[in-house]
Amino acid sequence: MIERVRVAVAGVGNNTSALVQGIALYRQTGNLVGIRKPVIDGLGVGDIDFVAAFATSEEKLGKDLTEAVFLPPNNFPRLDCDLPPAGVPVTRGLVDESEVDRVAAALAGAEVLLYAAPSGRPRTALAYAEAARRAGVAFINTTADPVARDPESLARFEAAGLPLVGDDLASQFGTSVVHDALLRLLAERGMTLVSSYQVNLGGTEDFRNLVENPNTKKQSKLNALSGAGRVELAPLGYLPHLGSHKVAHLNIEAQGWGGTAVSLDVKLKVHDPSGAAGVNIDLIRLAASALRGGRGGYLTEASPLLKSVPGSAV
Amino acid sequence: MIERVRVAVAGVGNNTSALVQGIALYRQTGNLVGIRKPVIDGLGVGDIDFVAAFATSEEKLGKDLTEAVFLPPNNFPRLDCDLPPAGVPVTRGLVDESEVDRVAAALAGAEVLLYAAPSGRPRTALAYAEAARRAGVAFINTTADPVARDPESLARFEAAGLPLVGDDLASQFGTSVVHDALLRLLAERGMTLVSSYQVNLGGTEDFRNLVENPNTKKQSKLNALSGAGRVELAPLGYLPHLGSHKVAHLNIEAQGWGGTAVSLDVKLKVHDPSGAAGVNIDLIRLAASALRGGRGGYLTEASPLLKSVPGSAV
Amino acid sequence: MIERVRVAVAGVGNNTSALVQGIALYRQTGNLVGIRKPVIDGLGVGDIDFVAAFATSEEKLGKDLTEAVFLPPNNFPRLDCDLPPAGVPVTRGLVDESEVDRVAAALAGAEVLLYAAPSGRPRTALAYAEAARRAGVAFINTTADPVARDPESLARFEAAGLPLVGDDLASQFGTSVVHDALLRLLAERGMTLVSSYQVNLGGTEDFRNLVENPNTKKQSKLNALSGAGRVELAPLGYLPHLGSHKVAHLNIEAQGWGGTAVSLDVKLKVHDPSGAAGVNIDLIRLAASALRGGRGGYLTEASPLLKSVPGSAV
Amino acid sequence: MIERVRVAVAGVGNNTSALVQGIALYRQTGNLVGIRKPVIDGLGVGDIDFVAAFATSEEKLGKDLTEAVFLPPNNFPRLDCDLPPAGVPVTRGLVDESEVDRVAAALAGAEVLLYAAPSGRPRTALAYAEAARRAGVAFINTTADPVARDPESLARFEAAGLPLVGDDLASQFGTSVVHDALLRLLAERGMTLVSSYQVNLGGTEDFRNLVENPNTKKQSKLNALSGAGRVELAPLGYLPHLGSHKVAHLNIEAQGWGGTAVSLDVKLKVHDPSGAAGVNIDLIRLAASALRGGRGGYLTEASPLLKSVPGSAV
């Protein structure tokens, strides 16, 4: 029997809640619902143990990870399963570089550090990566802040023979995936794109952060879509009552044979944190497998699950 | 300069209207809007001349093809272009096998016969194919009636060294294309399909025929979709005010990570005859190119544009 | 404190399930969610006791009403409340007129008989009404079969001084209500209706019956809408996976100032049996109050809750 | 035959384009499409002549009104009608109070001044009103800037016996009208509102102004809706490709009987300037009729067509 992956998480938000609960649910039911890869390099969905958790919110500190994931502003729903205590108290996360050694010490015994804090704190992201490197732990950056795209960090992980995965996870099933699939379908079938728009609405704390600082993300979203120049993004809408749901309205206007009109309207509703957890479960297994196999540096097999790989624009 | 393809059409309904007008529009504007393949084996979209047209409606007989395409019950809109007379009067089409030689004689000079009559008259379809064979003309069956799937017909075309293309064209951009693309996308991303439905509404004479005789088409539609067993089709709705529009409402309910809900609602609105013409323009060029190159029998390069190829269920 | 209304039900389908469970839920929570009238003539939502229940399905006979409501083909969901046994075993319902006296005897002690069987059995409806009359019980006909519109039945109830309410309840919130409100809004604002359609999809046994026998209902639906002549109904679609949900897709195309286009697309999703129960709770209280006050015959105060009142077409 | 109303317009944007063209279209066709009131106090839709027009854009100055309405950034479409020159050159509009007398002089012969400039310039609005008053002309304020709500202005119009209509016209058929109608319908039927959102997208210059200065308008929109506290507005989205279209996505989540879910999704697409013109045509006739009848001050009969009447919050 394979040894479970020992994972530390930095950030105890909705995405961590979805990950922690989803693994527990899978262990209880064995049900592969919503799972892209049942097994990666011998590692199943349930083969993950949490061994450390970092957060900055006072309310979460000291609580068991399985309890902290339900504290506000987290609003991912409670899944229908027992959630036995992880035996992992949430400890104080990094605020500045002076704390790298403290965190590195707390990572003793971990194989992978999943960095799942909000985007927008590039120095914190780099500091966590450095702590992972010092502790001999693989690092996954799920945020839009550059870590794998930071040449210095990447070089250090390569030198240390430690896996570095990032940056910015691509949701398992979200607006970009659907919008891009439809735009590509139109092009394949010879339709001529006239115009298209995308409206994104959400109710999580992450979404609120994006609304207040939309620019980087907006460009990154446009880059992810075909049909450049004809696709417009409406401003993100933070609507608290949506909770952890994300709702997107897409419209595509095109022309077919003889210039006749083709129109497509789509409403998509998903739980945003589920789209992250469904990718994180794969990134963790890829990173652990590489670490155990002695492969360091960037893992190209992770690229389809990421938005910004090393070398792409920062 | 390449010689234009000489095409005869059997059936002067909406699909023929869209084809005839779209070619004229393209010739005037050179605009490649809605066109999948600008050139196939050297043949452009404008490199098609109509040389004969068959219909059964008394009103259309004797009229120039470019005039007949606007007569009721046709309701495809008049495109914004001049439509110079084709110099091709609509002649009486086949009703029974005794007329095969008459039609064969009328096909003299044609290279391709596009069979674009309503589905549901299998003997008529076979008789037109036989007329084409006798006249040394390639045959395209755009209907759901079996011709390429008729082993005897296929053998005759092979023996004669004449191309035979069919059966049942797949719309360039219609409900099945979109629904199937979304169902496959869900599966690729690891989503678990819970249920899905498809509602199709239309206002053409073809659509009315389908509504009155839905069974074959319904099965064929379900076969075209992934997610077998979880997709339900609502009965087709003939709504005259839609004219030549087709409207589809699709719903997909799925589960992602942790069993959380994923829901997709789509409205698609297209001109049905445009979806046929955009494929017929390719089938004609494939058939003409094969005929000129001396290749007979079924043309495998046409398969992506067809719903039912030789060997599939009748 | 007011005496509770003693109600008998004929038909133990989804609508009865919704009614029985909803009353229990209200009693536990006191929550007025989804309730149009908290109190009618002193009677609250919880002031109803079931005292008899009739059904024809062998599986339901002998079971307590609160157990029978969950047996297939019923598929209304189990609400989140305790459902204490009603102490009312389901007894064999009427099949022909010879059983009227047996049913009348079983109605002893009841004040109101709610006739909630499937539509399409007019003689059964009349026979239940006659049993109610003989037992001195008020009668509510929730089906499209004519009872209040049957002059003879109405005369008998008037003569007996017993309330008769019917026919065919108007859903508390369903497709017709929304579609008609929007069509009236357009007219009030001076918009010119061009076309409109309505697609109804459902997954209950009642819906399956309608699909198989759509004609009467279709006309009744069209009558309920403004914009006569410009509204088209797609055929009803029975989609089992919808369970007790009803889904409607509405489209309205209109013209505003200068003839410019106005378009409205609506998707409505409800639980069909809830729409019935939310009206039945009012009809029961109106009928009981009239009975107790000694008023017989048709109750005009029920008209807004009904589709077909006495005098309207059968 | 009634004397035509002599109207001056301040602002030659999309709303004026829609008004000028729609009147010409009506005169040619007599078609009452999209018209709420064919006749008001004897005045028909065609009984309006433009006698003066003010604008600030250099490109429009000196052009005939019927030519200026098509200049960018105006993007309301050209309606399908002849548009004979009005014989009214666009003249320089007010920029500050020093120009009131010049404008008043230019209003000689007019009966009504329609103030149709962009919102957000309260002093300009008041100055135009003052010019109208000095010229003895009725004033209509279609913007959100306070004029009828300005007690001093109102008092002056009352004293002068001149009609004053405002502020902020309610679109003939727009998002607020539809959203509010549905929220009221839910309440009438006893549904319990859980949450609702509204997304507004548009492509006009007016819309761009709103996007850049959303606050006042947002509050005004919320005030216009029932269901206070449960309705959320997404940020306005300026999407240039929409041109003069406005698109709204509405969602309403509610609970019916037994707390079961009710959900409504609506997409509305209209031409924004048509919604303004369809109301302006009525306000002009109300103002002219009052002026001719010697009634001054605020006209209460205009209230249903306005968002903010005298006395409401500024």
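In order of appearance the chains are A, B, C and D, and numbering begins at 1 in each one.
The rule we apply is simple: a contact is a pair of C-beta atoms (placed from the backbone, for glycine too) under 8 Å apart; a residue touches a chain by one contact, two chains touch by 3 or more.
Since this is a predicted model, take the numbers as computed values, not measurements.
Graph distance from subunit A to subunit C, where chains that touch are one step apart, equals 2.
Two chain pairs, C-D and B-C, are compared here, and C-D has more C-beta pairs in contact (counted per touch definition above).
Once the centre of each chain is set as its mean CA position, subunit B and subunit C turn out to be 47 Å apart. Averaging Cα coordinates per chain places subunit C and subunit D 44 Å apart. Within subunit A, residues 265, 267 each touch two or more of the remaining chains. Looking at which chains touch one another, you get A-B, A-D, B-C, C-D. Partner subunit C is touched in their complex by these residues of subunit B: 194-195, 197, 199, 201, 211, 230, 232, 234-237, 239-242, 247, 249, 251, 265, 267. Considering their complex, residues 18, 21-22, 25, 31-37, 77, 79-80, 172-173, 177-178, 181-182, 185-186, 189-192, 254-271, 274-275, 277-278, 281 of subunit D touch subunit C.
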